[in-house]
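Notes for the one structure printed next.
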Amino acid sequence: MASIEARLAELGVALPTPPAPVASYVPFTVAPAGDGRLAHVSGQVSIDASGGVKGKLGAPLTLEQGQAAARLCGLNLLAQLKAACDGDLDRLVRVLKLNGFVNVAPDFDPIPAVMNGCSDLMVDVFGDAGRHARSAVGVANLPLGFAVEVDGVFLIR
Amino acid sequence: MASIEARLAELGVALPTPPAPVASYVPFTVAPAGDGRLAHVSGQVSIDASGGVKGKLGAPLTLEQGQAAARLCGLNLLAQLKAACDGDLDRLVRVLKLNGFVNVAPDFDPIPAVMNGCSDLMVDVFGDAGRHARSAVGVANLPLGFAVEVDGVFLIR
Amino acid sequence: MASIEARLAELGVALPTPPAPVASYVPFTVAPAGDGRLAHVSGQVSIDASGGVKGKLGAPLTLEQGQAAARLCGLNLLAQLKAACDGDLDRLVRVLKLNGFVNVAPDFDPIPAVMNGCSDLMVDVFGDAGRHARSAVGVANLPLGFAVEVDGVFLIR
């Protein structure tokens, strides 16, 4: 078993089935970059098989619910990344950048703590290769009212 | 006639004149990337010669007005991309990533449907090379009150 | 003395000490790109040793306060970029892209003018190499209530 798959099993993490391409955009693109390749993964919302997490942080959602939502985004990113790697997550070289968008009531500002739900997952799964640059901002709304959306740039081989 | 120009004519699409650089930022930058080059195009708002589309989605703008606004952003992106390609859009290898920012009232959430106005244009013009990763989020306001802003990363040769 | 350091001295600009990595994310990542390297720098907020600039543009902050806040983000980006260049800012080839997020009251829209506080600094310091593609949007809130956040992609050697 490949090492990242073993790590996922150790963590008890089951990746969701990555959603199929919808409309005119696709879940990821891959471009050459030096020795490796640059994968841009589309913004993943806080959805799962049971519906996911919708609503605004601050009201009605708590920080803890926001962190769980950000982790869902991370799981969806991993599922798409795995597809970008033709099923082999050991081809991940580095998580280069994550952009986190948190659906907030205008007075909610512990936005980094929410985004840690996604960032911590990357490091749990990939170790140092999962340590990434990131941005985290609070937005007025997200697609279909989801609580968090995260996209990413990944270096893969 | 180059094939993408022929396709634009077939679609009845006339690209706007790309606005000249303003102040300290420029419409695009180009960097080496493997065999090709990576073009970062600045955020393009929903402006046209007649003024464009301003205001927030939900109130007062309808979904259809938002889609038309997103298409304007796409036309402006294409105009800048053409300049980045020294006038030859056939040098586009792939639309890698689009980031869509929609100016929303806080309860408006069909944000992906708005952004399709831009995404669909890319596929109409470029076919499979126009299929891109993307993010779409709802923001509190945009420059000069425009309804939509989209930036992009493109692989060109 | 390296030329960019001389230019910083000429401008009277003292770069802050770049903050150490916090939690699961890091201030920057570097990846190969053609002959050079691509540095993704994390979103930098409008913080400084005296606390920085917090609050929303429009109310209570003025445009001028917003521009000063954006310049602080630029100083923090430069400090992180210097670390990404192992201390030698002459290794900067080009500022490729800046993404500016401005914490706004919903009716505040001179967002480009705010972001110029950061963009102008890049050109003051790097000249033509500092001229960049950018996006600028108004968001509902930012980490810990800071007024501006800017992240960036840089080509370095």
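For clarity, chains are labelled A, B and C in written order, and residue numbers in each chain start from 1.
The rule we apply is simple: a residue touches a chain if its C-beta (ideal position, glycine included) is under 8 Å from a C-beta of that chain, and two chains touch if they have at least 3 such contacts.
In this text, all values refer to a predicted model and were calculated from it rather than measured experimentally.
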item	value
Same-residue or different-residue interface between chain B and chain C, half as cut-off	different
Rotational angle, Cα trace of chain A fitted to chain B, multiple of 5°	120
Chain B-chain C separation of Cα centroids, rounded to whole Å	24
Touching two or more other chains - residues of chain B	33-34, 38, 99, 106, 139-140
Complex contacts: residues of chain B adjacent to chain C	21-29, 31-34, 37-38, 40-43, 56, 99, 101, 106, 139-145, 149, 151
Chain C residues touching chain B - in the complex, by the definition given at the top	33-36, 38, 93-99, 104-112, 116, 119-120, 122-123, 130-140, 153, 155
